[in-house]
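Across the two complexes that follow, subunit A remains constant while its partner is subunit B and subsequently subunit C.
Moving on to the complex of A and B:
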């Protein structure tokens, strides 16, 4: 007995075999550049593709790699919109490719790597390195005691507070807010919405015992909260719809206060 | 050749690898982590519904304990698990949850007073006592006697991974991102690290270590329809297999999750059903109670997935142009619950299906989800065959899941195993056995073989394309090695996979670009995936019984008399197929002798020792009133735990009658 026809996509791509097309031909204009290859020149190349029902950019890019351009570089991991790997410029706007349906766009689709981050090749950028650097600079962790008591009943926490912390913790470090940020593009060390949101998250957390004075040391300058020009591109493009505008404004008030206290 | 060295090399930057690394680092070891992707992108982030730990803080968890969690897990495993290891696991799980609470995980908390829930399709109001207010709460999951699954909305894995990853950064542990371990350095007796390929530049280097730990997750992508991330291709298990020495075990034990969204196979959490969601067929009929009157939608995953496929085969599916599926109904949970506790599910439905689950049904069908099998280890995570090689998490067969894992036990295993294996690795490094002289000729030899293989692939001009062969493998696995299996299908699968493995030697690459080369990466992984697939298919063909997720139509009964044993797979160097052997599970050493699971089929064949052991266990239970003496007499396990983790878990004392 066999288990038949349960579904579509695979590691390589979703087959377009027996589903029929939508009748549209897509033209994907994809940024191509391989820094490891001395003969490679940055350019856009156009790949035609027959659209299938329910096609996402994950499916489209895998089909192009499989059928037309085996060396095409891009990053997908979860393909479900939760891991943050596939941020790219989709028709100029930062977004997650895996959950972008081609049906939502005109047939000509332009794809480019996120700016600001180091380019690995084609659509692949090194967000991991950037995020680790940001974490180290901002110390985005609960300062943990090495031998915390894990045998006794845990300290209680208000249920609403736990939910508020999670609300900010939903960030997936995809880098879209950085790519959409005027300051980050000009200013290499700017923490950006992703970093500042993390500080806001830890500031809420009673397990993080740092004071506003401590946070001021980390973000009380132009690399931190005072670098934000309030353009709010971050909020516009955040795939998780995090309340970045509110958080940044609130944090700026608190840091201004901490700065005034610190300087007497 | 560039050579890096550290005391400990952890391969894999998901929860299991990170927690192991933190443990070893805390003990003073120099630790390095290799990861295919930035660690926070690991598949651990996809664990949605929660983590089992018997805290017993919420009213539906009162009375829970390690004992109940133990029995649920062993029954879930269909008696395939190592019971002493299950005991270690259930003892550690509450500690792990509490440690994560210290590290910042915002576990959902108990709210005192009345709150509405849905149980068995009916609205019910639960009343939580004021004294539990603010403690870590839990939701219901399949195959459990109590509500035991601690959670952070439906982003539990995400939250755990972010906080643990940030703790690893705080501990200053280097993570070498976009690095793939392509071979283990070993001399047939001991492992000395790995040969590593940089996926950004193509550079090959050696990373030597006194202890090496594989924590690379599962191998779901050998199937066409899988909830797994695209990186879950099992390469950690594959390089262990390629040593020709280390064994993989129970590879045929593959879990299919009931609710992959149809047709994409993206997971929606078991929490949907745990919180009261129902499964409906094409006519809108709730069918699970027809098959499982007691547990209904909340039997174990293997059982629910089987009933779903059976129901579709009887012609009760909903028809679409992509094929047949069933429906998941969470509308009855209400908008507020879905917006707070199932928000990832809501987003997935919106983006991938274009529907709002508050008002609409979710199309679902079972999809490959979890690899119970993996690198065989002892109770402390070390390979019994290759000293200095450790494994943990989904990549390992440590063996708490046997032939079926319970929901909420895998994300729990990652951190619990990490806590234990991190200590074990540190102990090993500090022991006599952990010292070693690294032979540069051995490292060189291993490096040269990898370099030659990669150069050979880059120069290849054969007729075969890696992408085609991968798809053929995935189709074969999904068609013949899926939920229902039988002799002819499995024979066909083994034959096809062996043929694909032979054809994988005749690849021709089209992309010869230097640096990152995705075609080369796939071509390199292909024969390794095929070897894993052959271990799965051959193991399934040999095992002439049905146990847990391994379901043979031609051998429908669980047969304890012949098959109460663990499959071990070894791949001798140069061989064309795996060599399988078997390790019997000792009924006379079991705390819980084999019986009926409480759901699923009842007609198993008994092991000859079962009745005798049952009598022994009953006598011990009568004789020993003291819990620790009883445990010692039944099945001692405390000696296996690292000393720092041996203390008892304190538990919330629920108020007595009338005090609420």
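Moving on to the complex of A and C:
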């Protein structure tokens, strides 16, 4: 990567540490607000930063915290798009800071916390609280119907089925689909793509013995699948590229059937 | 919860989709038939008589048109009542969605806003047109329609044209995304094509509608000095 910085004016290169700079100065406009501090006023504050090759927003935010603003709050764990902690509004759209290269954007970048979720401070939101509430409402687990015998070998599963389940299991609960959903923005109890995708996942699982009628009880209303207006925000912002349109359409058909069968 | 109350959300969702589908298809058929004036005055005359049952009963019955209009109005009322469930219904929801829409700059989210706005317009504008057709079904013909367009109705039809053709095409596009598991990998390619098709259809029908409206307007202008003039058909109807 160091070759990328060759030929960059020395003043700029000196601004970055071991790597050469790209010659661009970024201006990160970051939402600042601490709800725990009564004197804190919500505002955007701009932080200039010399861009380095391969810089992600995650790297940029860490540099700002190290060099300019030690009190800046934002979340991250894995740096690799696996933990789902660093979801934020990047120029108005939900995305993961660690998966967003600054080189792909104009130098002026606006960062804000994900809406819908409770604000902890600055860019940090409590997605966990929301996800837990959704999980409890939608019962996103395999209900234990028989006492498990931990000494016997688990029933085998067809590789194709395991693959299908895994495809949906890739969801990292980053909250981007909720923040990108017009319905979730208006209706706080709406399960959103993350919740409905989970139901789709458990529906596939042979260990989950619930019927479509049971799932209908959980998502067969306007807070569930019938609340979805197919705005496709979820599909277009999902950092894991989950097949959300496909799953939502499929689930809608199954739940319509389950709902109509209920009355005969 | 009783069984039928439990099934209500599923039924309402399906009914909204079905009523929307029927209305959208009706509107396209309507546009194509109305545009028969672009072929000739005689073509439009025959289309109008066809819907009065002339070719079926050998005699024109304008009340048949009133029946169809009443059914369309009922279907529209059903669709409107169901669609109202989706409208933002508080200042908080309205504000939250508008902020979200401007922030996201996301095509399909913005389209939904246009669907709400055009749907709202149609609540008021469509019944104006429908009541006219219901109460005066015999006033549909090349000269009678042209006179109506020219003298009073062209602003209504102009706004209706844009509202209907945008609302219907967006609705059908959304219907596909709602119910159809798009095949292909990635399905996004198909969605992109559907979106292009949607715009293509809107542009086609709006263009056709503008040409048709202009044709009626000019015809109405030509006959404006002869109020109440009826088209002298090549075929004899109800002599």
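Here is the rule we use: the second predicted complex is superposed on the first by the 245 of 264 C-alpha atoms of A that agree within 3 Å, B and C clash if a C-alpha of one lies under 4 Å from a C-alpha of the other, contacts with A are read in each partner's own complex, and residues count from 1 in each chain.
Basically, a residue touches a chain if its C-beta (ideal position, glycine included) is under 8 Å from a C-beta of that chain, and two chains touch if they have at least 3 such contacts.
Everything quoted here is computed from the prediction, not taken from an experiment.
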item	value
Touching partner for A:72 - first (subunit B), second (subunit C), both, neither	first
Subunit B versus subunit C as contact partner of A:129, first or second or both or neither	first
Touched partner set for A:222, first subunit B, second subunit C, both or neither	second
Partner chain in contact with A:256 - subunit B first, subunit C second, else both or neither	second
Footprint overlap on subunit A, where subunit B in one structure and subunit C in the other make contact	none
Residues of subunit C that touch subunit A when the two form their complex	3-4, 6-7, 9-14, 85-86, 88, 93, 96-97, 100-106, 108-109, 112, 174, 177-182, 186-188, 191
Complex interface listing, subunit A residues touching subunit C	89, 92-93, 115, 180, 182, 185-187, 216-217, 220-222, 224, 226, 228-233, 235-236, 241, 243, 245-246, 248-250, 252-253, 255-256, 258-260, 262-264
Parts of subunit B lying in touch with subunit A, wherever the complex brings them together	26, 37-43, 45-46, 95-99, 101-104, 106-111, 133-137, 152-153, 155, 158-159, 162-163, 166-167, 169-170, 175, 177-178, 200-202, 221, 224-225, 229-231, 233, 260, 262-267, 309, 321-324, 340, 344, 347-348, 351-352, 354, 365-367, 467, 470-471, 474, 478-480, 482-486, 489, 509-511, 513-519, 522, 553, 647-652
Parts of subunit A lying in touch with subunit B, wherever the complex brings them together	1-13, 15, 19-20, 34-37, 40, 53-54, 56, 65-66, 70-73, 75-85, 99, 101, 120-121, 124, 126-129, 131-132, 135-136, 139-146, 148-159, 161-163, 165-166, 169-170, 172-173, 202, 205, 207-208
